[in-house]
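In what comes next, chain A is part of two complexes: it sits with chain B in the first one and with chain C in the second one.
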Partner chain A sequence: MSIVTVQLGQCGNQIGFEVFDALFSDSHCPQKFCSKRENEAYQASCKERFFSEEEDGVPVARAVLVDMEPKVINQTLSKAAHSGRWKYGQHSHLCQKQGSGNNWAYGYSVHGPRHEESIMNLIQKEVEKCDSLSGFFIVMSMAGGTGSGLGAFLTQNLQDQYSNSLKMNQIIWPYGTGEVIVQNYNSILTLSHLYRSSDALLVHENDAVHKICAKLMNIKQISFRDINQVLAHQLGSVFQPTYSGEGSFHYRRNPLVDLMEDLVPHPEFKMLGVRNIPQMSENSLAYSTFTWAGLLKHLRQMLISNAKMEEGIDWQVRPPLSGLPTLGKMPLSKELHFNTSIANLVILRGKDVHSADLGAFKDPALYTSWLEPVTAFNVWKTQRAFSKYEKSAALVSNSQSLVKPLDMIVGKAWNMFASKAYLHQYTKFGIEEEDFLDGFALLEQVIASYSNL
Partner chain B sequence: MGRRRRRRVDPADAARALPEAIAVLTRTLPTGPSPETFRRAKFDRPEAAPALWRLLFCVLSPMPADGASPSLALEAQARSVKAALRFQGYPRRALAQLPDDGSQGGRELLLALAWLLARGPTLEQLLAQSRVRLGDEMPVCECESLASPGPAVPSVEADGCVDTRHLQWLMGKLRFRWRKLMASQQEQCALLGKIHSYTRGCHSDRSLGHLSVTETELLRDPEGGQQLLQRLERENVRLEAALEWRRRELVFWQWMDTVLGACPPEASQPTFLPEIPAQGAAELELVVRELQALQEELQAAVEPRRAAWEARVGGHGPEWSASRRALQEAVRQDLVALQWAWERGGGLTQPHEPHRLVRTEAGAPEGRGLQATEVIEVLRSREACLEVVLGQLQGQCRQELARLVGTLPGLIWIPPPGR
Partner chain C sequence: MRECLSVHVGQAGVQIGAACWELYCLEHGIQPDGVRLHGRKDQAAGAETDPPEAPLDSFFCETSAGKHTPRALFLDLEPTAVDGIRSGRYRSLFHPEQLVSGREDAANNYARGRYSVGPEVIDLALEKIRKLAEQCSGLQGFMIFRSFGGGTGSGFTSLLMEQLSTEYSRKTKLELSVYPAPRISSAVVEPYNSILTTHSTLEHADCTLLVDNEAIYDICHHKLDVERPSYASINGLISQAVSSITASLRFEGALNVDLIEFQTNLVPYPRIHFPLTSLAPILSADHAHHEQPSVSDLTAACSQFSNQLVKCDPRLGTYLACCLLYRGDVVPRDVNAAIEAMRTRSSVRFVDWCPTGFKVGISSHPPRAVPGGDLAEVRRAVCMLSNSTAVVEAWARLGHRFDLMYAKRAFLHWYIREGMEEGEFTEAREDLAVLERDYEEVGQGS
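After this line comes the complex of A and B, so read on.
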């Protein structure tokens, strides 16, 4: 089953490229721990999912590239073409001469309707190349203009036209210390719209990834490219092939729906985050060895203490004593330190994966009172190592960890909204106060739901 | 037949005839215990019970015998057998009262098996179910899957209150599974279409024109041919056994008479009634009498009421009779619509069994089979009917919710986002 990726705006296109490159490099990485036959099945599965093939034999990414400025798209296309390993389709992009100037309303109300038909045509052509379509990845920023505004518009269109296919939005959460003055407005508009039309929002926080680059990868001068590569690594470690079940050696047919079924069936809880372990520069990797027990112990603590990387984990955080009713069992201030999960999915790749013990993730104290660990926790495995990591683990979780950043954004946006700052830039393009209020109401509800787990 | 029955029977032959008949029967069935097991079951020996529970499970389970179902624990199988028999209206209470662990019940199970065999085309259905399919088949209707209860689902007893969020979670999961099913069906159709168009003109049978998946697989993997051959041979053996069984079954039924004779008779009871503790029986008697008296009283009261009503209605003038006529007209229209839907739905003259999928050239003369467009049309109208029903049910739920909300003043109802 195949996934069609829609890369939107500068951010979406740059990340999209790194994702395809990471997927391709990983599936052609030399393998020590799995048989040749298994490796071939892995490659075939990855290829079917993310690439189609043209006559010259070079894999073509199943992607549609959209931006309102030509620069990034041209760079992206030529980088892929020059890699010589894979490329984008010749007629699968759309770019214009004028951007959205970081105005969500412009992307949503002007660019969206104006280019709706041509973009949907591009997507349809890409869909027709798939024997079977599982769904869409929509890669976009949350706070900008084109990616976020046009992305919200297109996601809605996809929901109308491909209602049975799955839509997962990869959204890039802006730095807390903003790049753009109206980023909080843009963010609440994006999130509230996607909450209505998307099936799952996989959130990547720039701040967290930046820290990973600095602390774990030891990069001195961090560029967007570095950040995007970490992000691509995280995505790849989730969506590369895994076995379809315990004891099975067949690869999962439709991982997108399996992931959603495991993590986001509830319509009010759609926000997902990814954590990976280990993450380090290639140089250090050569001198490191890992055990499953050690990796999983760290990963669990990262989850419950809400840390985004293995360095600087707060080991004091412990799950609340089980046996007490979950609701209102502690004053809020105390509870904030412990990150309660709705559901978790752990993905293990590499040597001796069958010996990994995941018991610690099945503690009912980690989860809400209304889901049993047997429902709330799932694990996918494959013996094939990911990239150059002999053993690696990824954790996709639907948890409280995004409540705080979301609350901050909503709070800041509300303050601006109360003084009607910059509102005219939005009303000018048909986004009224009413739309803002709807967005606030929806996100307040989301925050309340996540806080009362 | 008559001549054979009059022939003097060698007692040794007669002694052999029964085990042979049973052996033939078990060869026909998906998993066959030995004739010796049957003999032991007659005497209710516990060692015969597990094999017979398993046999009945295979006979009753709607899934093909070679599926994953037989790996179920014996206890689950026993529960499933009981549930399936109850669903089919099996009348003996003794069976339902057997312990769930599958350790007992040889004779009762034998009776149940005989009941199934005697009642209908059970054997034929089983043979049809496990038939080797060479063509790509598709069902043209869902009646079969709707008619069978499916495997028993372990019921979850909710202790205390249920969190709505849990229900919403389950509902969402169901939605995703539904979409997954749709995606895999679509994938299957796309791949079938590819095979059919790539192999056009390859089939020796001109009326088919192209190969099926099984046939294509045979070309790709000759090893599979051996396996297919074996499966065909196995099916042949079962079919031969079924024919043989028809010739020999009389002796089995005679023997079953003796099994039934060995059973303690059971008061004939058409349906299951809840068990009533002994001291409750007297009270029940009382209640029954009271109920009867009440019913008589009611009937006596109803008659004059109705007469009075009719008299009043008759005196209501033209307005009343006009609205009455309008009502009658509306009912008549509804009835016509229903009848029309029914006739269209059931209008297919073809039987409901699965059909082989064959791709024909556009403009080719219509064959004897069903046209896909016809089937699609029937399915569409069925879908439309079901959607109407769904809409009605949802409306009812909404009304009920609104009523419930009305009973709680100060409560606001906010629908979840995205629905």
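After this line comes the complex of A and C, so read on.
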């Protein structure tokens, strides 16, 4: 079943390109650890999901590109076409001249209704190309104007028009130090709208990915391209095909449904985070060997100590002993905050994957009391290795890890709101104070629910 | 199985490490880029390199790319020494993450290595060690190379050893420490650093092999005819000793000795863990053609003062235990005869309560000489580790120098301002005094 990707705004388009590139490179990477037949099945499955075939044999990405200014889309289209390996559909994009001015209200109230029909047409065309539709993957940022505002509007529309299909929004959390002055307003409005209309929010924080680039990949001058590549690597390791069941050798047909089923048991808890191990620069790869036990141990500690990468993990954090109140109930300011999860999904790719022991993840202390580890924890496996890593593991988790950043953003936005700064820019386009207040209320509710796990 | 992690701390540790790994690569036929040569005939010595089945698992980790990466970590608080490796001949041998260097060094100051600059790097170091340990299926223990006199070697190593003891409590920790030479010194505050680090590491190290620069200079000068011995020559000799010690882990042999066996046989009491190292034969390339020493010659030479890598006269003390590690063309019968001969010699005195004082290890793989080095290639060699009360002389010497400086509180302010207290100095000195008394007590027997 296929996934249609919608790339919105500058961020969405740049990341979308890197994701498709990573998916393509991985599926055509020379493989040493699995049989040829298996590799072909993998490639076929990947292709069905993300690419469609055109007459000249070059795969076309199943994507719709939308932006309110032409620069980025043109760059993305030409980069893809130049690579010669895959490309975007010729007419699968929409761009305007003006841009959204980093204003959520402009994206939502002006661009949204204005271009609703054209965008939905484009999406319709992509959907028609698929044999069967698994769902939508919407890539956007929270801080800008197009990605955030138009994205929120679009998701709502997709909810109305394609109510049977699932929507997963890939959201980029801006740098804490700030890229855009009104990013906090944009974020609040985006998140509150998406919470109502999307099925799952997969969040990537720029700060975290930046640190991965600096510490693990040893890149000196980190550009957005490097960040996007790391991000694409993480997403690729989640979305590439995996076996559909324990002991089965057929590839999973419907990844989005399976993801939602495994990870979003309750509509109140939709925020997902991705962690990937190992991640290192090309040079180091030649010298490294990996064991499943080591990788999984690090991954588990990354989860419970809320670390985003395999270095600098706080090994002091331990799951609370049964019988004692969980540390999670203490105020957020507590240092040794143990990260309780609602659900976890571990995806293993590589050599000897069936010998990996996941007992440590099934510990009930990691999970909230109202969900059994049997339901809360799932594993997906495939013997085919991902990219150049002989063994790699990804963890998609629905846990408290996003509470702190969310709380910070809400706090900062509230401070700005209390002094009524920049509000007129939003009210000009029809977003009133009530909308802001609604947004705050919803997000406070989300924070409270997550904190009380 | 039986993997051993080497940790090289400070400039001394890093440079000794470079020499050791060069030697290991030569012995195993690994090229500078980590790829192994298979069974190629070596023209120089006419000896065949190892058959591919030799277990180099204990020191090297094989990656899927066919590289053999050393199980080692090089740590220093300033980049110069580690950069030497990063740009040296073996730069493609080591995993880039294994070469860790800080930016601001410990400036020959134990307090900086331990309390101010060290803690910034310790977490990273422990992470790297953890990663290396995870790759091992049966980690035996750690070999830590450092000097006593420097800032990183003394201060940072104490910090590291403490952390390793908490995290890896059941693993052996063997140290190779460069002890401050009696008449030659490379730092004025050596006595302070040495005593402070010995005090803090005493309970964490299982066995500490001492070497000192002056003894090796004399060996190079008198036995190897090297006019002006550089650190390269000194490190070459030290690496031969280390290679002999670890030979059993890396090669097959008639009588294997691994790290834990050393401890069991050499350390009668937990604090009495400072064996002296000596090597034989020490022949320069010219003499090798005229002399091929027999096993009994080697054993006799070992017990001589002039072959020792530490300036401590064993004739002035009694032996508590002795470990002889033979390698090359050696059979057990010759070894037994040689040991008998040694025992009957009057200069070799054992304590009453330890009649069977010898532990023997035999490895069939002959020693290799580094091309362009000072040592000759020989067919057999021995390394002797002897736990002797003569080492008390070394501690007494150090304590005396410490006392002279401390009485005047000289150079103390450098330590105080990094957060140390005078109490720690007195505590350390007392601990050493107690150690000396322990040795004397042990040497007297029942």
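Operating definition for what follows: the second predicted complex is superposed on the first by the 439 of 453 C-alpha atoms of A that agree within 3 Å, B and C clash if a C-alpha of one lies under 4 Å from a C-alpha of the other, contacts with A are read in each partner's own complex, and residues count from 1 in each chain.
Criterion: a residue touches a chain if its C-beta (ideal position, glycine included) is under 8 Å from a C-beta of that chain, and two chains touch if they have at least 3 such contacts.
Keep in mind it's a predicted model, so treat the numbers as computed, not measured.
*Asks:* After the alignment on chain A, I want to confirm one thing: do chain B and chain C clash, or do they fit together?
*Replies:* Aligned on chain A, chain B and chain C fit with no clash.
*Asks:* Per the contact definition in the header, classify A:S284: touching chain B only (first), chain C only (second), both, or neither.
*Replies:* A:S284 contacts chain C only, not chain B.
*Asks:* With both complexes superposed on chain A, which partner does A:G294 reach: first (chain B), second (chain C), both or neither?
*Replies:* After superposition on chain A, A:G294 lies in contact with chain C alone.
*Asks:* Going by the contact rule stated at the top, is it chain B or chain C that touches a larger number of residues on chain A?
*Replies:* It is B that touches the greater number of chain A residues.
*Asks:* Would you sort A:A448 into first (chain B), second (chain C), both or neither based on which partner it touches?
*Replies:* Neither partner.
*Asks:* Scan A:A44 for contacts with chain B and chain C and give back first, second, both or neither.
*Replies:* neither
*Asks:* Of the two partner chains, chain B (first) and chain C (second), which one does A:V264 touch, if any: first, second, both, or neither?
*Replies:* In the superposition, A:V264 contacts chain B only.
*Asks:* First (chain B), second (chain C), both or neither: which does A:G312 touch?
*Replies:* second
*Asks:* Please indicate which partner A:K32 is in contact with in the superposed arrangement: first for chain B, second for chain C, both, or neither.
*Replies:* A:K32: touches chain C, not chain B.
*Asks:* After the superposition, what is the least C-alpha distance between chain B and chain C in whole angstrom?
*Replies:* Minimum C-alpha separation, chain B to chain C: 37 Å.
*Asks:* Over in the complex, which chain B residues touch chain A? Could you list them?
*Replies:* Contact set of chain B toward chain A: 163, 165-166, 168-173, 175-177, 179-180, 182-184, 186-187, 190-191, 194, 414, 416-419.
*Asks:* Under the stated contact criterion, what part of chain A meets chain B in this complex?
*Replies:* Counting only chain A, the residues touching chain B are 1, 131-134, 164-166, 195-197, 253-254, 257-258, 260-261, 264-268, 368-371, 375, 442, 445-446.
*Asks:* Using the touch rule from the top, collect the residues of chain A that touch chain C in their complex.
*Replies:* 32, 218, 280-281, 283-291, 293-294, 297, 311-313, 390
*Asks:* Please output the residues of chain C touching chain A within their complex, sorted ascending.
*Replies:* 34, 61-65, 67, 69, 94-98, 123-124, 127, 131, 134-135
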